[in-house]
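For reference, chains read A, B, C and D in written order, and residue numbers begin at 1 within each chain.
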Amino acid sequence: MIRVGIIGVGRIGRLHTENICYNVPMAKVVSIADPFMSEDTEKWANNLGITKCYKDYNNILNDKEVDAVFICSSTNTHAPISIEAIEAHKHVFCEKPVDLSIEKIVEVMEVLKHKDIKYQVGFNRRFDHNFKAVRDAVANNKIGDPHIMRITSRDPAPPPIEYVKVSGGLFLDMTIHDFDMARYLVDSDVKEIFVQADVLVDDAIGEVGDVDTAIVSMKMENGTLAIIENSRKAVYGYDQRVEILGSQGMVGTKNDLPSTAVISNENGVTGEKPLHFFLERYMDSFKKEVIAFVDAINNDTPVPVDINDGLKSVIIGMAAKKSLEEGRPVKISEIKL
Amino acid sequence: MIRVGIIGVGRIGRLHTENICYNVPMAKVVSIADPFMSEDTEKWANNLGITKCYKDYNNILNDKEVDAVFICSSTNTHAPISIEAIEAHKHVFCEKPVDLSIEKIVEVMEVLKHKDIKYQVGFNRRFDHNFKAVRDAVANNKIGDPHIMRITSRDPAPPPIEYVKVSGGLFLDMTIHDFDMARYLVDSDVKEIFVQADVLVDDAIGEVGDVDTAIVSMKMENGTLAIIENSRKAVYGYDQRVEILGSQGMVGTKNDLPSTAVISNENGVTGEKPLHFFLERYMDSFKKEVIAFVDAINNDTPVPVDINDGLKSVIIGMAAKKSLEEGRPVKISEIKL
Amino acid sequence: MIRVGIIGVGRIGRLHTENICYNVPMAKVVSIADPFMSEDTEKWANNLGITKCYKDYNNILNDKEVDAVFICSSTNTHAPISIEAIEAHKHVFCEKPVDLSIEKIVEVMEVLKHKDIKYQVGFNRRFDHNFKAVRDAVANNKIGDPHIMRITSRDPAPPPIEYVKVSGGLFLDMTIHDFDMARYLVDSDVKEIFVQADVLVDDAIGEVGDVDTAIVSMKMENGTLAIIENSRKAVYGYDQRVEILGSQGMVGTKNDLPSTAVISNENGVTGEKPLHFFLERYMDSFKKEVIAFVDAINNDTPVPVDINDGLKSVIIGMAAKKSLEEGRPVKISEIKL
Amino acid sequence: MIRVGIIGVGRIGRLHTENICYNVPMAKVVSIADPFMSEDTEKWANNLGITKCYKDYNNILNDKEVDAVFICSSTNTHAPISIEAIEAHKHVFCEKPVDLSIEKIVEVMEVLKHKDIKYQVGFNRRFDHNFKAVRDAVANNKIGDPHIMRITSRDPAPPPIEYVKVSGGLFLDMTIHDFDMARYLVDSDVKEIFVQADVLVDDAIGEVGDVDTAIVSMKMENGTLAIIENSRKAVYGYDQRVEILGSQGMVGTKNDLPSTAVISNENGVTGEKPLHFFLERYMDSFKKEVIAFVDAINNDTPVPVDINDGLKSVIIGMAAKKSLEEGRPVKISEIKL
């Protein structure tokens, strides 16, 4: 039984907490910490059988009963808390991104080196049933050598503009998931990237220096040509699809739907919109990533998504930004550690 | 080159005429006949290169240049004209049904016996790409022994009530196609039939003694259990699907659509309605049945749909009517020739 | 917090137990009972925090701490334990069927009368996302008046022959779910039923006096014509679909799949088989039916599936058997209480 | 009745000839010309009622009976024959591309200027039912302003290497259709293009200096971001799809199939591969483009695809080649006329 402390109980921290309580029998949340700890939050935790609720996460790091921490606090705290947690000999599950700065991620890597600590990054989509089926098809040589990969990734609506400002921009906030997915699906790193992007959804996003619509073309190290299509707003809902053409076949996925019901009438044949957003769409993958993390601790096996994966996705994001700024393809090797 | 005379140039007669002119290089329409022959019709025929236009079909039967006739006149004339045509040594393509009376069909069969005449009945759906693919899957043992067959057959809107009156009723007018399809798909005759039916679409149909909605359950001679679903009105359009469960798999079809375009928006994910009605839906099968008829003449091979098929479907229709009237399952063997 | 005792911890009893432990925060399993209680079972229960494990279910009925019992024992014990539980003032969740005999169900109903007890029957499929979407489409008048309803319900493989012997037969064991579904979807009782059925899958099933393949046609009280298609063996997996044609449109569902991944290669375009069997397919509905039961207790509202629903489905099953035996349509009113 | 001469009766010339004979009642092929005119070809023509068969196309140009010519000869003769035909006062239907050199297309445009001649270029895909439905959805504002457009265009197998050598390369031979499609679908010109491409299918293609797999990203003048995915080899067949995300919705198409039949068995749920190649897939569009050309002549209205469209697609192709050669995005305005 792995004893877990949750650092940061905003939306994603609460999700992990409830997941562990309800769906991960071999782990147990023993404490939570959040600078904005409120009575309501304490009550919510107590109902889940969690009695230790702190404002200061150091109470968790100092607790010898705690085996592992989930870092679900704001992005700028991920790296420093990671380092403190590692030094306190806790296994770490860190939400993505590890940091918006490459230097800080490398610092965490340095501290982690030679330590007997499991450090997993929260790229939950790797655990999604659809994407895993695609990865399996590729890995099991069902489609031969991958030639063209396409990732369609569109949100139902842009986040609040205040969030956009501190998000690190489209590529480090949203596309970062797709960069990791691209690496995962064909088991290869990115070699070169070119971006065309614009502000087509909401001028306010442009005013804070970001873009909301992008097409990304990439060459992977293994020769695959790859495309990512991003939009901050698809009115029909959360659009999460991939397709890979290989030398021996193609594999592709469709969106998951609330139900398979289809109504045919004088207006046409109408099915449901995709599951609304990432909580509905990826709930099952959030469970599975935590189970994988707990398994890695229990069996002392490598975590399925490590800090190197966390670093790589940020580097690709940096290259994407550079491509957009300079209007040219950028080699990943141009981004210095 | 087979020289064809068309008897009756209403909707279906014109369709066959144009089909032969445009799509059947090895046949040629040399004459048409219709009691309501008009100047407009003659002009239409002349534009197609047809110069002989008669009111009296005997002019066609007496024309030694004519190899084959298409009987597209009103149903009650099919049998007598068939007999005259056979006696005039013409090959015959007769629209369905051959007649609404079993006796008259048997009379035609008698006249046909030992004659070197090709006689094909217009069950065009056997030539449809979708249904043929299902038949091929069954025939090629892709699904093993058929266990449950379902035929969904629904019109977009009821015919005019004047037509309903003389149509022979739902089972002999509309379901007759499905009876033939059932026999064709699993290559077996019907053994027993039970019908539940009602007037759910339009009271006027009930007032003339017919029904507009029916579910038909049948046992086939080969043991397959079969269902036909009929409605005179599906607001989303012409619904023509089949599905067969077998011991080793299932084969099913969807409707054909005007285009594959799908629009996703806040209201859902909407594709097109099925192709509107039988002319759009089955146009290609009308071509193919005529080509098959011409081939049978040219190669002196059996026609793919013979008068026995025409007879069987009417017998099943009679059994269906009897089942509805008497509220019980009816064995096909109860219907006397 | 509703305190629950589970009577019978075979497959379905364990499922409900784990469901309540993991997914129903407002209920708690406090005890289990099973005549075959083993050390392994006790260990399993202890891991879930359940300490009271009995061989004799009377220990549960006599426990004042217990608010509600789940009757998951063998079918022939459902009715007597129901009566005892009601008399012990426990709310009851009873697995389907309540009994194979109408008389015994009526006895339970008599005991239940005027008691302030919630009694829910385990027709979990009503809580399935797909079927609920169809019911909602009908209830919200999205398709107008229902004309033709079809329920396709096929198992991936027959149960062991020992089970078939005591199952009550296809209609009371398998089709009973579909009878309930038919009533639920169009909110109407069955008026008349006709069955064609045979042994097409496995001769052994015939040898014990049952059938394995059936088509059922029904007239509903509200005029809907209904079809059920049953097979004990669909090699492609668990097939659970419904379709309703109405005066203003059609609503239909497809099967749920393990993933949406589709592989296109030289052999065609291939998607996954349906979710394998009822545990995978209906897991979510098992959660929801229990939540609905607990809510009904907590809010003192009617249960969504009551003993009357349990009775009706058995009556229809009896009529189905009679139809098959006598080879004729049977009115539901012919089945005497 | 438009009298047509066909110049070049290879595959595409024969296709147009038969199309006009069978499917275009308001046109008539009166003569054909081909330097490799053979007895077989003459026989084929005679069977279609065409008696004038020449080796020298000047016989057609000098024939006052001829109203229009179809230029279906080899690409390098399109421009000079176009000029001669225009000067002979013939309407011209010219297969794509008009020429591989921009200068020569401009020469044809010069000769065409101020002439009362219809000149249509053979971008038949604009007349395809699926793509037209997408264009209509955009034009009728069903999806709002287009944001991201994707064109998937993959051949079932590469052409013979001898053809590849003289084809002008992937972008001028294959992608040229997609460039025209991009312009057509969102009714806007291309502004900037970037290409990533490689030899992944067949080394022989690389040895003659061409590529076989490409992803093309473009900015359209109206702000749409666009992607084209090309492969010379999709083992599952001819893959022709488009998808456009707009501010108010998305529209997308699927491939057309030989039939809708789907087989479900232990291996999965398998539908048919796409229609094999362009002849099967686009047959209907070949008819429609010719009908549109004949209508433009008869009604003296503009042709739906004019020489400017022919020029634009070649210019984009030149920019694509430059982007690949120089490894950078290229503005269309960089390509000089």
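FYI, a contact is a pair of C-beta atoms (placed from the backbone, for glycine too) under 8 Å apart; a residue touches a chain by one contact, two chains touch by 3 or more.
Going by UniProt, the chains are A, B, C, D = Inositol 2-dehydrogenase.
Since this is a predicted model, take the numbers as computed values, not measurements.
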Please tell me whether A-B or B-D has the greater number of C-beta pairs in contact. B-D
With chain centres defined as mean CA positions, report which chain is farthest from chain A. B
Intercentroid distance (Cα basis), chain D paired with chain A, Å: 43
The distance between the C-alpha centres of chain B and chain D, rounded to whole Å, is 39
Any idea how many Å lie between the Cα centroids of chain A and chain B? 58
Of all residues in chain D, which are in touch with two or more distinct other chains? 234-236, 248-250, 264-266, 272
Given the complex with chain B, which residues does chain D contribute to the contact? 22-23, 25, 47, 129-130, 132-134, 137, 142-143, 248-256, 258-266, 272
Quick check: in the complex, which residue numbers of chain D touch chain C? 234-236, 264-273
Under the stated contact criterion, what part of chain D meets chain A in this complex? 145, 147-148, 150, 154, 192, 194, 196-198, 200-201, 213-215, 217-219, 223, 225-227, 229, 231, 233-236, 239, 245, 247-250, 327-329
